[in-house]
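Structures for review follow.
The same chain A turns up in both complexes below, where it pairs with chain B and then with chain C.
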Partner chain A sequence: MQKPLFPLIAKQATVRRRGKVLVGPVDLTLGGQGTTIVIGPNGAGKTTLLKMLHGIERMNGGVLDWACPIEEAQRRQAFVFQTPIMMRRSVVDNLAYPLQLIGVARREARARAAHWADQINLGDALERSAMLLSGGERQKLALARALIREPDVLFLDEPCASLDGRATREIEEILLRAAATGTRLIMSTHNMGQAQRLADEVLFVLHGRIHEFSSAKTFFEGPQTAQADAFLRGDIVE
Partner chain B sequence: MKNVIFGVVASLALTTAALADDMKLAVTTSFHNSGLAEILLPEIKADLDLDVQLLVVGTGQAIRLGEAGDVDAILVHSQKAEEKFLAGGNGTHRREIMYNDFVFIGPSADSAGVKDAENAAQALQRIAQAHASFVSRGDDSGTHKKELSLWKAADLDPAGFDDWYRAVGAGMGAALNTASGMEAYIMADRASWLNFGNKGGLELLFAGDPVLFNQYAYLPVNPEKHAHVKNDLALKLEAWLTSDRAKELINAYKIGGETLFVFNAKQ
Partner chain C sequence: MADLLDGILQALWLLVTLDSDLVEITLRSLRVTLTALVIASAIALPLAALLAVRRFRMRRITIAVLNALMGLPPVVVGLIVYVFLSRAGPLGVLGLLFTPTAMIIAQVVIIVPLIASIAHQSLRELWSDYHDLLISMNASQTQRIKALLWDGRRALLTAALAGFGRAIGEVGAIMVVGGNIDHATRVLTTAIALETGKGEFAMALGLGFVLIAMAITVNLAIHWLGHTETEGRW
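Showing the complex of A and B:
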């Protein structure tokens, strides 16, 4: 039996670059269930916050504590970026790559990759070069590549930012399936419809800080702060 | 441009004694930055009574100087370009002299996990996977070409990278400064890294994959193409550069206690 990964507790967590505070100080406790959607104006620090929580943004102050040792916590998470990076390899080899990194035998890795390709409707494109995929197909592949290791928590930074409706729908379906099977999702989006469709809880970020953190129902029906209320109404929030 | 180049020549040329021979050698900035030339040139002068005037330029420019017959020999580190140089009848032959190596530098926290990478390709894949800030020379230098070839070998294409990949279009020192300010990853030649004074939160994270070795070769300019080149002096210098004396000096050269070059000329 694995130790629990959550709660994730941030205390005064801060990221500064060149003397400027990008995020923090953040005090936050994230529980082990559901989907957390991170919203806020452009430049509020959503990406940096996600990268900090994932451990790929160096902190200049504060602490970040997972319920298990940090090396184990790192193995149990994955991250999907807004602009995915494809390797100059086939679809199946891109999918199999993270498994091969953790020592899964080639034959098994390719079998699991083929299964995942089916899940994202790329089952007919196994041998196609990933460089030739459309933007939506690339993002689906990136998502599958992150999920193939069965992470306990998946961070996503605006994964649908430049995708059309159909690709967005497909990505959301994959995310809902992952969430239904217990994968913890922590994701930023600027699409309020998407936030409402996916969120169990909402983190509203402003000026690098957590301005409001509540259940999706509470947040969308009655935000507690004037800024969140203005943001939801579509006003420019500075 | 000419003024710039000859300005460099003037500043590096040793005082020319009336009767000493002199020749012109185009070398790369990375070789010059290493400081090894300052060790070798006085020894060459003492042993051969030969003044070697260095033209310090990028690999591409060194090759063009050789093609134009503006120098008597070139000492560069880009095998493909060297072979093209020979194929075009611009040089008589290519003699390997020594190698140094490229290293991956990055923030000491190493969030991408480059330190434990098994090879250079995996190190780059980890940086890309983490979208960790990476500074590229982006100046079409030999070092930049090398970096691009390493991404390619890692099955990755910088053309598809977003803003975590910063091509600065600058020399090694300026690029290292940028990386230091951003706490970004960067590939550098070992000598430039060791001589770099503003390391900040950066440290050497990965080295040793043979693909990172940087072979320097010496190519005399073809006298059949340019009758005025001093081929006899170029050959004299080659004999010295491949001698036991050169071997001893090159292998003993250190910065901060670290060996930079490994002599590997076939004698």
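Showing the complex of A and C:
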């Protein structure tokens, strides 16, 4: 039995670049269940916050504590970027790469990759170069590549930005399946419909700080702060 | 004009008759340069990838020095290698001076900075694409370098070809350390220099055309093998 990964506790976590505070100080405790949706205006620090929690953005102050040792925690999480990063190799090799990194034999890694490619409807494109995929296919590939190691927590940075309705629905289906099997999702989005469909709890970020953090029901029915209320109504929040 | 025409005719004649001296010299040229290219690539490509993924204190200086060394005067490299390999030098006991091995050493020294510099330019771009992804996936330093070398292989081929071009056409250094000894260390470039000195322009031109034809053939062959021009933007 693996040790629990959560709760994740951030204390006074801060990211500064060139003297400007991008995120923080953030005090936050994330529990082990459900889907957390991060919303907020552009430039509020959603991306930096997610990257900081994931551990790929260097912190300039404060601490970030997982319930298990940091090396183990790093192995058990994955990240999907806003612009999918395609490796310059075939679809199947892209999918198999994370497995090969942790020592899965090439043949087995490719078999599992082929299985995942089927699930995201790229089963006939295994040997095609990932650089030739469309935007939606790229994001699905990036998502499958992040899920292939069966992470306990998956961070997603606006995975459906600039995708159409159909591609968004496919991505959401994959996410719901992952969530159903116990993967903790922490995801930012600008799509309020999507936020309402997926969220168990909502993090409202403004000016690099957590402005409001509550359950989805509470947040969407009666936001506690004026800014969150304005944001939900579609006003421009600055 | 007559010289040029004569040269072309003589080159054709040498080729058609498979002149034994010409074949010997050409094969030696190829052997020396290809060996140097393989050794230099084995040093320069991992070095380029390391410089791309690793942040260490001397990194900027190393890159600047590599760039500067791209313009290393071959004759000076020849001289330094000569000093090292000569009887009285630190490596004199190996008895390598005036052998093809000495020529390979000199060529390796000349093309390592060139290949490393060009390779680093393209790997740096690839790394800026891959940076977040590979760190997010927890790839180790060695795994990052491997991924860069493998996914950047087409750009690296270009770097290697530049190295080949410089090495195959190089004359100053291999003249100094090889000595242009007939049937031992004479290669195309040193033979051309010799024939020109003797006033045998036709022969010199003939050898020159063979050299150019060979450089083009090797380039085309490697491009064809690597499918460089056929697969989209890689």
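Worth pointing out:
Everything that follows uses one rule, which is that the second predicted complex is superposed on the first by the 238 of 238 C-alpha atoms of A that agree within 3 Å, B and C clash if a C-alpha of one lies under 4 Å from a C-alpha of the other, contacts with A are read in each partner's own complex, and residues count from 1 in each chain.
By definition in this document, a residue touches a chain if its C-beta (ideal position, glycine included) is under 8 Å from a C-beta of that chain, and two chains touch if they have at least 3 such contacts.
No experiment lies behind these values; they were computed from the predicted model shown.
With chain A as the common reference, chain B cannot sit beside chain C without a clash. In the superposed model, A:Arg58 makes contact with chain B only, not with chain C.
By the touch criterion defined above, A:Arg75 lies against chain C but remains apart from chain B after alignment on the C-alpha atoms of chain A. In the overlay built on the shared chain, the residue A:Arg89 is in contact with chain B and with chain C. Contacts of A:Ser162 after superposition: neither chain B nor chain C is touched. With both structures placed on the common chain, the touch criterion links A:Ser129 to chain C but leaves chain B unconnected. Of the two partner chains, neither chain B nor chain C is touched by A:Asn121.
Residues 51, 56, 79, 81, 85, 87-89, 101, 131 of chain A contact both chain B in one complex and chain C in the other. Of all the residues in chain C, the ones that touch chain A in their complex are 126, 129-130, 132-133, 135-139, 143, 147, 150-152, 231-234.
For chain B in complex with chain A, the touching residues are 107, 109, 111-112, 122, 125, 128-132, 152, 154-157, 160-162, 181-183. In the complex of the two chains, the chain A residues touching chain C come out as 51, 54, 56, 74-75, 78-79, 81, 85, 87-89, 97-98, 101, 129, 131-132. The part of chain A that touches chain B in the complex is made up of residues 17-18, 51, 55-58, 79, 81-83, 85-89, 101, 131.
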